[in-house]
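Across the two complexes that follow, chain A remains constant while its partner is chain B and subsequently chain C.
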Partner chain A sequence: MKAAVGLVLLFFVAVALTLVVGVRNAGIVDVWQAFFAFDASDPTHAVIRSVRAPRLIAGLIAGAGLGMAGTVMQAVTRNPLADPGLLGVNAGAAFAVVVGALVTGYADSGMMAALAFPGAAIASIAVFLVGGARSGAGSPVRLTLAGVAINALLLSLVSAIILSRNETLEIFRFWVTGSLAQANARPLEAMFIALVVGAGISAVIAPRIEALALGSTLARGLGTKPGAVQLSALAAITLMTGAAVAVAGPIAFVGLVVPPLARRIGRHVLRRELVVSAILGGSMILLADTVGRLVVAPAEIRVGIMTALVGAPAFIFVVRRLKPGALT
Partner chain B sequence: MSGMGSGNVVLRGWALLAGLLAAAILVSLAVGQIMVTPAELLRGLMTGTGPGALTLRVLRGPSTLTAVGAGAALGASGTIFQILLRNPLAAPDVMGFMSGAGCAVVAGVAFGLFIPLPILAALGGLVAAALVSGLSFHRGGRQSPLTLILVGIGIGFFASAVSSFLVIRMPPQEAADAQRWLTGSLAARNWGHVLQVFGLGALLFIVLALQVRAMALLELGDELAAGLGARVERARYGLICTGVLLAAVGVAVAGPVPFVAMMAGPLGMRIAGVKHPASRLTAAAIAGATITVLADVISRSAIPGLQLPVGVMTGIMGAPYLLWLLWKEVEAGEV
Partner chain C sequence: MIETGLTTTSLTLGYRERVVIRELSIAVPDQSVTSILGPNGCGKSTFLKALARLIAPTSGQVCLSGDDIGKIDTRLLARRLSILPQSPKAPEGITVSDLVRRGRTPWRGLLAPWSEEDARVCQQALEQVGLSDLADRPIDELSGGQRQRAWIALVLAQNTPYLLLDEPTTWLDLAHQLEVLSLLQQRNRDHGTTVVTVLHDLNLAVRFSDHLILFGGNGLVAAGQPEDVITPDNLLSAFGLKALVMPDPITGRPMIVPH
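Entry: the complex of A and B
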């Protein structure tokens, strides 16, 4: 109960800070008026509605998507290092969008953003095949290194394509580390729907994923088909990760940091963990983004760098807690 | 592998390795926005005039030689760690030492410190290595190679994030240059870079030559090595330092180019067909130089009118190798 209250508080603080803080500081009253008593002549209202609100929505979609995708991934692979960013699923989505824009000549429109889904799906399948996850629990080392390789390959290709098109440094950074700065140009409505569908699939299959965690023989005995569950999980991960990348670029580490916290707060019931992951993920991205906008104002640190600064130490922490036997 | 084969086979291996490097250098000098024929290059070398001379002296000579030096240093560095940890995944790029070195260089530039780049890179690399080593101890007091590699990956993530953070604080043009350098870049190298990488590299190769005997002993296992009179811990830390410094020498002139250090050792060993540490290190240095020079040519000329950073190309070349390595081990049920 205490945890739930804390969680809700954290979430509201994150949302409020996103709307209030910036080069033009606003008060809570301004935020209220911007939505409920809009005054077109007030520049603060305009900033809140046209810049910060899209940023908020994009941050929530990305954070909730990556948080839940990480939780599903970790539950299915039983690997505490699984994260859509580290395993190259984000990079797959980003790569597909950038290649789509290259081939068709359209700059990234909503249609191009939809390519994030096949990109994420193919990268997930590749990393799980190479990482050896198909044979049950793939070793954390193998899966992580497969992710490192897929990330390196796809992000190198993304860099090459973007540099060859003489795009701005800002576009380059969006597709390599992720950022909320482009939020008002991203297809937020469509990606919100994709996120909801992915979350719905996750919620439906959650009990079956838990059954699988007991061991596939036992799960079969209880009437669960491992293949079907894994395929549905893949679909859910793809939808949620794809949506996140389409609105905010490839942001790593949210899916690594959030799931263990969600396990603790959700007390090992996967459906509860999913809800907690969505809230925590959203809060994490919003807070990281707000801090990133504050520390070097008026410039800003992209949210993907902020999550990496927090996430990399968390990665080492998780590695140190792995039992030596779990590595091989 | 033909490591135990006759002297002829080994000789053929070395010849092949050297031939590949020579060919790579020739291609690197000849190919670019303007093609220069080998005859013109030769004339430029002899007479010091004509397009060949300009290419050698200014346009492609310095960057090609820097690539040779950096690649050789990185190749040898990677092999040191691969031998010490008995794992093909152990390399200064995978384990974050090069990101650490790169981070220190970017920090030095961002804060306007007047410290030479190789010293910054060496400090960054050593700090990263110390962190990786320190954070990898399990409660039992032993470090497993796999923990070292994973912690190293984590340190690499962190160092890269700090680098990106520092880049944002720079003025726009400087930031763009730094971003490029952090990918690994050989653009605009001059004879100062060549002198630096070969001078420092040669020094470290001499130090390494003095450590080779101890390395061969360590390869037999700690207990046997101690029994044969090696001071195991001292020898290991000495080799780690040499390895990190070699990587830093490469980073100082070419940025943290990914995957060269990891690929060079196995490739060199396979082509030359050798097994002894001294031969493996030499082969890795030649292979590393070849990979870097080739990656540089391809990145310069793959897209007309555009110079991609060399690191983009080594990333594209190295990642499939890493995937193949993992795939092979999945099949074999190892790692």
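Entry: the complex of A and C
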């Protein structure tokens, strides 16, 4: 109960800060008026509605998507290091969008963003195949190493493609580290729908994922088909990660930091964990983005870099806490 | 003749070229406790897995109340028959009650919320294994015996008339082995659950089983009541073991004293 109150508070603080903080400081009153008593001649109102609100929505889609995708991934693979960022799913989505832009000559329109989904799907299938998860021989170590390798490969390919072209550095930055700065140019409605579908699939198969986490033998004894559950989970991860990347670029570490907290608060009931992950992930991205905008104002540190600043120490913490033999 | 219970007809099991069980037709008596015995590598675990459809037979079939289990819907089978594999893994930090509730998986609908029936069955399972007081403790903090009882509570929560367990007493000391086996026997007496276990300890198996299936290096050696199965001749052909068989001073059942 205490945790629930804390979560709601955290969420509201993160949302409020996103709308209030910026080059043009606004009060809560301005925010209220911008939505409910809009005055077109007031530049503060305009900024809130056209810049900060999309930023808020993009942050929530990205954070909720990555948080829930991480939670599903960690549950399915029984690997506390599974994160769509670390395992190359983000990078796969970014890679597909960039290649799409290269081939068609479009400079990344909303349509291009749809490529994030096949990109994410192919990268996660590649990780599962290389990591041996499908054959049952996959250990968490193999899966993590395969993911890290594929992630590095895809990110350098993204860099190589972008550096060979004349686009501004801004696009490069977006597809390598992720940012909410272009939120109002991203296909937010479509990606919101993709996120909801992904979250819906996850919620439906959650009890079966819980069974799968007890090992595939027991899972089959409990009446689930491990292959089918893994495939549905893969679809859900792809939808949620793809949506996140399409609105905010590849952001690492959210999917790593959020799931362990969600497990603790959600007490190993996956549906509860999903709700907690969505709230925590969204809040984490919004807060990281707000801090990133404050520390070097009027410039900003990109949210992907801010999450890495928090995430890298968290990663080391998780690794150090692993029991000997836990990853074999 | 209407077939009842768990039966096999001309069941052949194997991995690739190696045949482990050949043309075995046998019945597990309903509402009794059956133990599968035999030396290491004789295929007793393989046989148990085939009974639970975890391994597809090379030929022949396994039937549950006359239905070929290969053709029963996965989830419906899981409502009739449960299996606890050897050394299952628990997610880190999970509590006993959260582990046990996962036993309800086959009974839950696609979007059905946790029902009162689910809660009642889980609570009953915890009571039967004597872990009600430890329900909120993380499973990593329990002793080996308690942990094994938590896993048994999970399959009890699955609430099936057939309960299969692969070496449920491995790694436990003698007192805890007795505890686990009497728990299973109690379940059988109270609910009429058909219990099938793979066991290593012959004397314990005799003590707690109504029916024994004894495998040797070349397939089935004997099956039947403990008195008929546990004989010096059968022990010699199954294990190559020279032993004396005498009545157990407590139960009067056969007791094995190796030479």
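Everything below uses one rule, namely that the second predicted complex is superposed on the first by the 319 of 328 C-alpha atoms of A that agree within 3 Å, B and C clash if a C-alpha of one lies under 4 Å from a C-alpha of the other, contacts with A are read in each partner's own complex, and residues count from 1 in each chain.
What we mean here is this: a residue touches a chain if its C-beta (ideal position, glycine included) is under 8 Å from a C-beta of that chain, and two chains touch if they have at least 3 such contacts.
Note that this is a predicted model, so its numbers are computed, not measured.
Undergrad: Just checking: does A:R267 make contact with chain B only, chain C only, both, or neither of them? Give me first, second, both or neither.
TA: Second partner only.
Undergrad: Regarding the shared-chain residue A:L155, is it in contact with chain B (first), chain C (second), both, or neither?
TA: Touch partner of A:L155: chain B, not chain C.
Undergrad: Which partner chains sit in contact with A:R220 here, chain B, chain C, both or neither? Use first/second/both/neither.
TA: The answer is second: A:R220 touches chain C but not chain B.
Undergrad: Just to be sure I read the superposition right, which of the two partners does A:V291 touch: chain B = first, chain C = second, or both, or neither?
TA: Touch partners of A:V291: none, neither chain B nor chain C.
Undergrad: Let me test your reading of the model: by the given contact rule, A:E210 touches which partner, first (chain B), second (chain C), both or neither?
TA: Only chain C is touched by A:E210; chain B is not.
Undergrad: I'd like to know which partner A:V196 touches here: chain B for first, chain C for second, both or neither.
TA: In the superposition, A:V196 touches no partner, neither chain B nor chain C.
Undergrad: Decide which partner touches more residues of chain A, taking chain B and chain C as the two options.
TA: If we count touched residues of chain A for both partners, the winner is B.
Undergrad: Give one of first, second, both or neither to describe whether A:V15 is in contact with chain B, with chain C, with both, or with none.
TA: neither
Undergrad: Is A:R78 touching the first partner chain B, the second partner chain C, both, or neither of them?
TA: After superposition on chain A, A:R78 lies in contact with chain C alone.
Undergrad: Which of the residues in chain A come into contact with chain B in the complex?
TA: Interface residues on the chain A side: 81, 130-132, 135, 139-142, 144-146, 148-150, 152-153, 155-157, 159-160, 163-164, 169, 172, 177, 252-253, 296, 299-302, 305, 308-309, 311-313, 315-316, 319-320, 322, 324, 327-328.
Undergrad: Which of the residues in chain C end up touching chain A in this complex?
TA: The touching residues are 52-54, 74-79, 82-85, 88-95, 98, 101-103, 105-106, 108, 110-111, 155, 158.
Undergrad: Looking at the complex, which residues from chain B come into contact with chain A?
TA: Contacts found on chain B: 89, 94, 135-136, 138, 140, 144, 146-147, 149-151, 153-155, 157-158, 160-162, 164-165, 168-169, 172, 175-176, 179, 183, 258-259, 302-303, 306, 308-309, 311-313, 315-316, 318-320, 322-323, 326-327, 329-330, 335.
Undergrad: Spell out the part of chain A that touches chain C in their complex, as residue ranges.
TA: 75, 78, 80, 203-204, 207-208, 210-211, 213-215, 217-218, 220-225, 263-264, 267-269, 323, 326
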